[in-house]
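One structure, pasted below without further comment.
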Amino acid sequence: MFRLDAMRIVLLVLLLAGMQVFAMLGGFFGQEIVAEIAILAILAISLDLAAGFGGMVSLGHGAIMGVGAYAYALAGQHGLTPWPAALTAIAASGVTGGLIGAVSARMQGIFFIMATLAFGQMIWAFTFSARWLGGDNGMGGIARASLPFSDLSQPMAFANYALCLLLAVFLLAAATLSTPFGRSYQAVHDNAARAAAIGLAPRRIRITGFAISSAIAGVAGILAAQHMQFISPAMMFWTTSGEVLVVLILGGIGTLTGPIVGAAIFVTLKYWAAGWTDHWHLVIGALLIAVILAGGRGITGEAERRLRHAFR
Amino acid sequence: MKARHRPRDRCCGRSMMLDVIDLTAAYGHAQVLHGLSLRLEAGRIHSLLGRNGAGKTTTLRRIMGLLPHQQGRILFAGDEITGWPTPRIARAGIGYVPEGREVFTALTVRENLTLAGRIGSGDWTIDRVMQQFPGLHPRLDAPAAVLSGGEQQMLSVARALMTSPRLLLLDEPSEGLSVQMTAVLRDVLVALRDQGMTILLVEQDVGLATKLADDVTLMSRGRHCWAGTAAEFAQAAGVRRRYLGA
Amino acid sequence: MKPFVFSCLLAFALPAHADTTVGLMLPASGNYAALGQDIEDGFRMALQEAGRSNIRVIEADTEADPQTGLTLARKLIMQDRADVLVGVVSSAVLGAVRDVVHQAEIPLIVANAGNSDATGKDCSAFITRVSFSNDQLNRPMGEWMAAQGISSVYTLAPDYAAGQQMIAAFSDAFTAGGGEIVGGEFTPFGKTEDFGPYLAKAQASGAQALYVFYGGADAVSFVKQYDSFGLRDTLPLYSVGFLTAPLYLREQGTSAAGVIGALHYLPSLDTPENEAFVDAYQKAHPDTLPSEYVVAGYDAGRLLVGALDSGAEGRAALAAALPQVAYTGPRGPLKIDPVTNNIVQNVYVFETVEGPDGMTHQVLDTVEAVRDPPNGCAME
Amino acid sequence: MTAFWTLQVLNALQHAALLFLIAAGLSVSFGLMGFVNLAHGALYMLGAFIGISVAAQTGFWVALIAAPLAVSAIGALLYLCLLGRVARLGPMPQVLVSFGLVFIATELVRIVWGDIPLVLDPSAALAGRVDLAGATYPVYRLFVICIGAAMAAALWLGVNRTNLGAALRASVENPGMARAIGIRTERMFLLVFTLGAGLAGLGGVVAAPITAANPGMAVSALIPALIVTVIGGMGNIAGAALGALIVAGIEVFGAVLFPAASAVLIYAALAVALIWRPEGLLVAKGAR
């Protein structure tokens, strides 16, 4: 069961503060990077909810995030202002996830992975060749949200806004996990048979959990659309979902803080390693294998384990 | 390690076929065995009795190496086999008839037997096995999936024999068998014992188990709680009542 | 790791020593890496040729990923204070950076991405294209084929925006010239490695000719498969010239013989400018012919040098000066259309033929100074 | 018109032959070890590139033998050093480690062979075309169909008519019990993985004259192979063959009859298969 203990709170505060400082000192590029980290971290948190706490490893989360991004853009085109458009988009992602979950929830392990892969790829293939959605050329001219006290067209303001959303999503996820629903959700993951024996409905709980996770992926999609002010099907391809899984594993699955650490590492590595080698995927691949062989706890999981040992 | 513990030296001059010492086992987080000890004399039928959930099946699976090694030791004919991989244990001479038969339904009867016959001394051939279970003979080239429950049980025993074991572990072999089939099985086990094989029998049917057995070990909640000969067991009504409710 | 990145960023932020800073946005990894390498080679060749040492080039690996492209564009614009951006292979990346470039008022020289809208309804005074537009190559080919008396055509292209745009431009021009499109298919992108089913459909359509657009690995596979089915005699193959471009010709070998295409550059062009260019390129890359991507990179460099030579400095002046540059380069006379900022250039209709040193291109016809209509472009 | 349909049927068979070669190893290691090897597409890619390099030195026929052997060796090495350990950890680590291998293999291929697509020229004996029922069909594609059919037949016989095959079927059905009668399943895993890698390598070298080899194929070949595996059922040669025929049929006839939907069809088929019969059309598992 997830607990938001002191160690995780400290880590969260340190991470957010660190990124804030990085955005302030790192110049425009730093601010762009922080926004990108925040988006990836939100998506990874959403996947952590599904995979880490619900045992539903999804290779369709990129596509679900894309649904949110496209819904936001389309709502904007049809005259909705950013905030109502965002709500529409979250609903669209949540419903998409709910539908995928409804069909896939009874599957386990690799079959669930394959099912989400299939549905994600269907969404991708459809969007990729849909002329009215701009096909692979994507859609531009997407509005950022407006706030009364801050101009989000400024990179620093946008980075802060993204960090705030990340914090909100984190707290929301942590709160969800500690509700009665969240506890039964994790119980179903731990032992579906036992959960059913004490009167829970594993399938319905899994579907709901996947829908919640998908709605959060929609938040990541909206933020990505606002950040780039442009969307394209690239974010929907299954390898994007695979990369999010990589982020989750690097950072530490089932920790909620891990996704943030993983996203920070992944994005930094992407821009940093790409600076000295054209083959940065090689570095990511090797790192991933090393993390799994080291026990698969990821950086946060490993650090937590050692700290707990040290303080005991 | 090996030299230090020679069961032969310890007990009464008779040789020990299996010596299990303080064995533990778990499925995931659920601890099932909490330090079980069990001693089998060579050439005898030994019944392992206990209520449902006492850990009998787990004991057999643990001896076969089908569960991860935790604590305790297992000695087989004087050799320490603790922690050995399952195929090596099978090759060392332990045959296993699991609960629920677990014959390979995708294979024919002959394939089931031939496959098992690839290891061991080769004392047992298909012909010899067929003498024990003549009922299987006409079904040799049928897929195991179409066999009746009783025939599958015979096949499961026959398959274990094909590995030419010195020790045979049987897990509830009479379950679901007709009276005639059970009689056949009983005769086979007695014949095997008389040929010098050691048998460890887990059996729900206490009547059958005690009728067949030379020795009895009772277990409860993952531990042994009583051991003695079948004759002693027949006398110990209090023990039977307490641990078997019979 | 973070302190290191910090110091990198600080290093970037130091005041520039050079007069002009160029942000080179090209894919160095992923599917388009080969194209990115060619464009960079050509661009650096132009700078070297001009003998300018006061141009600082900052490379940015955009992959084919709009998100990465956009982040790096913003970095180049805001952090590195680049004076001009060069590159962009994928149209999706161009779409992603278009608004940022336009709003930041920084000139961008597009060296590949062919989306017609980028110099059409989405045009910008700051975006100048020296490569080609999808319309620009396909329209002349449609007109030319109709003029040759070909009456019916079957079309094939990958199902993505560029493929759709190219086939649409071709079809419009071909039907306007009196031809008929008897059928066509868009094949699933990035998956269709086996064109057998489509080739059989094309064959059964009864069309007089086959018109296709394919690039990358698809170009090689398609030509090989077309040849292996023996369609050469019954269904001649016409294409946007990328199909048998220099990058793929060596692998295609004799399978490509007889394929007719249209392209804005061919290494076999018989002009003094091109001969000098090919010689210079082969000094650095022996036994390799420059591709149309090398030339696009090269002309991007020439355009920039030309604008600098006119005395322009800084973003606004460069943006104004770039469209003024005109010269005769490897691909022939070249100028920028002030109405759309798209290039005006010759389009060469060619046949791929067997030459003494392997496969080569033989020009059949030259459509001079092809200019795109404004297509809704209105520059403020 | 019959010529047209003959042609399309042949196209479907040829496509199925390639899919079978890629998917057979994936399917059997899937069924035997429960191991989802996303790097299987990378082995196929290596087969193509190694084949091209070998053929450049020694010709097509040597490459046809050498490339699968080389890929088998790579597969065995991978299994012994890495994947064998990961196979015990459950689906997620398997997916991730093999995903990491895809990254690495793709970049290594880019470093060694570059970014420009390469093709393999088959032996002159396989050039040209033949007339079959009114359709003109390339000899090489017939050759591919033959190789696929021959491999399927050989594997089917090997699995269903030999002792080793019986041991394999027993291990797929009930690994624990197989071990309890003395079958060394780890060796079986290694053997199957090596053989599967070799088949993928063969698929790669056989495909290279038809589709150009490129670093993207590690990913693009993987998805259809996974779909074949899921639709056909795991750990079962006949299932892999049936799955390959179904997927190839959907791809070829989908492209002919419903071109607008052809990009989505194959994923839709996967989804339907998962919902309708998640255990696959032909199931190898009996007792489990």
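For reference, chains read A, B, C and D in written order, and residue numbers begin at 1 within each chain.
The working rule: a residue touches a chain if its C-beta (ideal position, glycine included) is under 8 Å from a C-beta of that chain, and two chains touch if they have at least 3 such contacts.
In this text, all values refer to a predicted model and were calculated from it rather than measured experimentally.
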item	value
Pair sharing more residue contacts (C-beta pairs) when C-D is set against B-D	C-D
Far-end chain from subunit A, centres as C-alpha averages	B
Per-chain CA centroid nearest to the all-protein CA mean	D
For subunit A paired with subunit B, centre-to-centre distance based on mean C-alpha positions, whole Å	52
Between subunit C and subunit D, centroid-to-centroid distance (C-alpha), Å	36
Rounded Å distance between subunit B and subunit D, as computed from the means of their C-alpha atoms	43
Centroid spacing, where centroids are CA-atom means, of subunit B and subunit C in whole angstrom	76
Overlap residues in subunit A, where contacts from two or more other chains coincide	125, 128-129, 278-279, 281
Residues of subunit C engaged with two or more neighbouring chains	29, 33, 159, 186, 188-189
Sites on subunit B at which at least two other chains make contact	none
Every chain pair in contact, whichever chains are involved	A-C, A-D, B-D, C-D
Footprint of subunit A on subunit C - complex, ascending	1-2, 4-6, 8-9, 12-13, 28-29, 33, 61, 64-68, 70-72, 74-75, 78-79, 91-92, 95-96, 98-100, 115, 117, 122, 159-162, 164, 186, 188-189
Subunit D contact footprint on subunit C (complex, rising order)	29, 31, 33-34, 37, 159, 185-194, 196-198, 200-201, 203-204, 216-221, 224-225, 228-230, 247-248, 251-253
Residues of subunit D defined as touching subunit C within the complex	1, 4, 7-8, 11, 14-15, 107, 110, 114-119, 121, 129, 136-138, 140-141, 207, 209-214, 216-217, 220, 251-253, 255-256, 259, 262-263
Residue ranges of subunit A in contact with subunit D within the complex	51, 57, 103-104, 107, 109-111, 113-115, 117-119, 121-122, 125-126, 128-129, 238-239, 242, 245-246, 249, 253, 278-279, 281-282, 284-289, 292-293, 296
Parts of subunit D lying in touch with subunit A, wherever the complex brings them together	30, 34, 36, 82, 85-86, 89-93, 95-97, 99-104, 106-108, 110-111, 219, 223, 226-227, 230, 263-264, 267-268, 270-271, 274-275, 278
